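Going by the order they are written in, the chains are A, B, C and D; count residues from 1 in each one.
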Amino acid sequence: MTICVTVWNENRHEKTNPEVRKIYPNGIHGAIADFLKDAGMDVNTATLDEPEHGLTDEILNKTDVLVWWGHIAHREVSDGIVDKVYHRVLDGMGLIVLHSGHFSKIFRRLMGTTCNLRWREIGEKERLWVIEPSHPIAEGIGNYIELPNTEMYGERFDIPAPETLVFVSWFAGGEVCRSGCCYTRGKGKIFYFRPGHETFPIFYNKEIQRVITNAAHWAAPVEGPLPRFGHIPKPLEDVS
Amino acid sequence: MTICVTVWNENRHEKTNPEVRKIYPNGIHGAIADFLKDAGMDVNTATLDEPEHGLTDEILNKTDVLVWWGHIAHREVSDGIVDKVYHRVLDGMGLIVLHSGHFSKIFRRLMGTTCNLRWREIGEKERLWVIEPSHPIAEGIGNYIELPNTEMYGERFDIPAPETLVFVSWFAGGEVCRSGCCYTRGKGKIFYFRPGHETFPIFYNKEIQRVITNAAHWAAPVEGPLPRFGHIPKPLEDVS
Amino acid sequence: MTICVTVWNENRHEKTNPEVRKIYPNGIHGAIADFLKDAGMDVNTATLDEPEHGLTDEILNKTDVLVWWGHIAHREVSDGIVDKVYHRVLDGMGLIVLHSGHFSKIFRRLMGTTCNLRWREIGEKERLWVIEPSHPIAEGIGNYIELPNTEMYGERFDIPAPETLVFVSWFAGGEVCRSGCCYTRGKGKIFYFRPGHETFPIFYNKEIQRVITNAAHWAAPVEGPLPRFGHIPKPLEDVS
Amino acid sequence: MTICVTVWNENRHEKTNPEVRKIYPNGIHGAIADFLKDAGMDVNTATLDEPEHGLTDEILNKTDVLVWWGHIAHREVSDGIVDKVYHRVLDGMGLIVLHSGHFSKIFRRLMGTTCNLRWREIGEKERLWVIEPSHPIAEGIGNYIELPNTEMYGERFDIPAPETLVFVSWFAGGEVCRSGCCYTRGKGKIFYFRPGHETFPIFYNKEIQRVITNAAHWAAPVEGPLPRFGHIPKPLEDVS
């Protein structure tokens, strides 16, 4: 069955910074949408400045997996929309949070922590080591992914311990980071993936594209039980 | 070093229901405070109707472990106080959430999920099986704790998978529940413990008292590193 | 791609006990093979009394997922064959261990514990509650699976804490059991599933069949990296 | 209560290599025993060439925590002794496995995997980042521990995902390693700690000493329930 992905992007750097526009002429969302389409997915994009940030009920209800990229305008995302996305995740929609999305309202709300970290922007080398080679998100990847120039994010990364830790990053400047982290919240699967930046062309890297594509497959909803919550007046057994 | 515990109680059933007052003449908080004092801890109590719900900065700042019991008035807990408690937990204060506290604002915020579950109130038997016999919270407990009459809480319990699952409950009416669950959020340790009710005298049970006492020891802050977050302009290495 | 499953069965009860033969005329392995074939898988069977227990190199090398059922003859399984299966699992072959297979040499070796538990055989009712409704192994299942007559297995079940706990069983006689447990060992995925018995017709239950089928999909190998182990004389960087 | 620690060392490098003898005149075990004694513990040492490798029943039965260092003679450790240590761990004895002990028989048996990894010995810099600042093993440690010259161990480290990941190492040469890993097996707690080498004076580093001391406190047995295993003929309830 075709997976329906919505790629959400703050899309602000692209509007104000010619350097970013040059690298991502159709926006970061456009670049991500392109490779997910090539992988056979049904892809929409949505951005902050659209009505309802492009995340109408209609769009959200048909979205299997939401990809989230934000950086300088996390506070401008309306609490009402965050609330809707939150409940869709708990109801089973997958969520892939990229790079600076670690500080987005939606990720912090789902994690229950500050999601704070160390960072440095000198274009240093990053090497993402595969920690769990049998995880579906690592399919088709080698022992590590090397990125010649990235922004550093380092530990302590204030997140709950991931249910599965798929990648750990090494940075030339001396730090490490849990950079591929799987979570379940309600019926929704969440993957945080560290790489991605507005001026380094990370999202054109074929291995990074492969990871995000794998993650969309992994995070797509499963038709499991619809839990029955609330008052159950009669015992299932006649034993009490 | 003496552990400083604050026992917080909504304290509403005690005011309106003579049956509850009879069982807990000094409130649920009073009963819990008594056995924690007997265990050598330095114990305060705080309740909803006090100014700032009894959780002033002064009290919170000296509290090592906060015990939380609420039921019918979760919504009356001010968001500002929840915010303060939340940040204290992330900074290292332990939190023990009892029974109906699963639906408290503070627990839901730290979990990132609805914390919903099934429930039934027919006074059925519960048996809490020890799943991890080597966990400090299980110290001094037998293979299981039996409670002759309890309110049932059953799965699906909408929480993130616990980091350690210490107890699983069996209910005569046919359900099971992950009833002793450990989490870390920021530098704070959290223990959710299912038993406890306003009209069943659960908090006088010696084994239940032992578990809560053990949990206070386990959740007390550790003098670990104070993570340095934010911009680290210079690399630790001269290698990039 | 078609998943290649080998169903291994001790096949001793079937030879000596007419009651078992009546329920499983083609052996437990035959019954399991049937529904996996119906699900489109490529299925072999293998049994203890065949040469090399039916697990020749040729068979093992082409097996994506091995299903294991044993009970009274665990000790007769040759250490050499266990060793081969062990290394195939570490290399990526999935393993589904059913019921009394908890005491098999292969499961104990992969777990590193005794895998001991409590048990009782009075044909009592079991109810398997779904704990993680979004896990692929729970696809198509309701809030719980009910089995009218089963052998009881109860906690403390001496296993490492599962990476994912998919099912917890309730038993009428008063116990609980972690009855659907996911593990990773090396590149291999392992699922322990509690139900299944030689005289209760568990493997004809459609929901049990669905769980085992789902587990075979989940446990099938992923084409992740082939880790490079051993001596790496030269640094990846020129920095030391 | 005083914790009784036994420090086990292969003690072969010390006998054949003058450089090692110079650094560790009383053996690696002697250096480790010294700082644990200073921390108030009751400490024995035991070595490979003693009768029963120094691990008699008398010694093992009174040991709360066993520290293990081995490197070139893992195969010479008798299977019978490994079996005894294994069962003592399952019964509650703590185990701290240091550095090259990752390849010891006892650690591999408890993990159920090969415990293989990458390694390089050029004396490069290692930095151990604290991942869980609230874990008792991180008490008194800063954001990271820096070792100027170490042997590198890198991912993929073929272990089961740790229950708690306390440290991740960065190496100047380009690798990362999960270098502080907590496990439970049976009633025993296990801590694998990567640093330590026969010619780099790692065990004189005060922070490394602090981590090992903390780990001994953490791994000491808890007086939890003694699980009852086996046949339980009568139901706990009269309901079946």
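We adopt the following convention: contacts are C-beta pairs under 8 Å (C-beta built on N, C-alpha and C of every residue); 3 or more make two chains touch, one makes a residue touch a chain.
The structure presented is a predicted model; accordingly, all values stated were derived computationally and were not measured.
Novice: Degrees of rotation, nearest 5, to put the Cα trace of chain C on chain D?
Specialist: When the C-alpha atoms are superposed, chain C turns by 180 degrees onto chain D.
Novice: If we define chain centres by averaging CA atoms, which chain lands farthest from chain A? Would you check?
Specialist: So the farthest one, by centre of C-alpha atoms, is D.
Novice: Rounded to a whole Å, what is the gap between the Cα centroids of chain A and chain C?
Specialist: 33
Novice: Counting only residues that touch at least two other chains, what does the list for chain A look like?
Specialist: 125, 127, 130, 132-133, 143, 154-156, 161, 163-164, 172, 174-175, 184, 186, 225, 227-228, 236-237, 239
Novice: Mind pulling up the chain D residues that touch chain B in the complex?
Specialist: 92, 125, 127, 130, 132-136, 138-143, 163-164, 172, 184, 186-189, 221-228, 236-237, 239
Novice: Taking the touch rule as given, give the residues of chain B at its contact with chain A in the complex, in rising order.
Specialist: 90, 109-114, 116-120, 122-125, 152, 154, 156, 158, 160-161, 163, 172-175, 183-186, 225, 227-237, 239-240
Novice: Give the list of chain D residues in touch with chain A in this complex.
Specialist: 127, 129-133, 143, 154-156, 161, 164-165, 168-171, 174-176, 178, 237, 239
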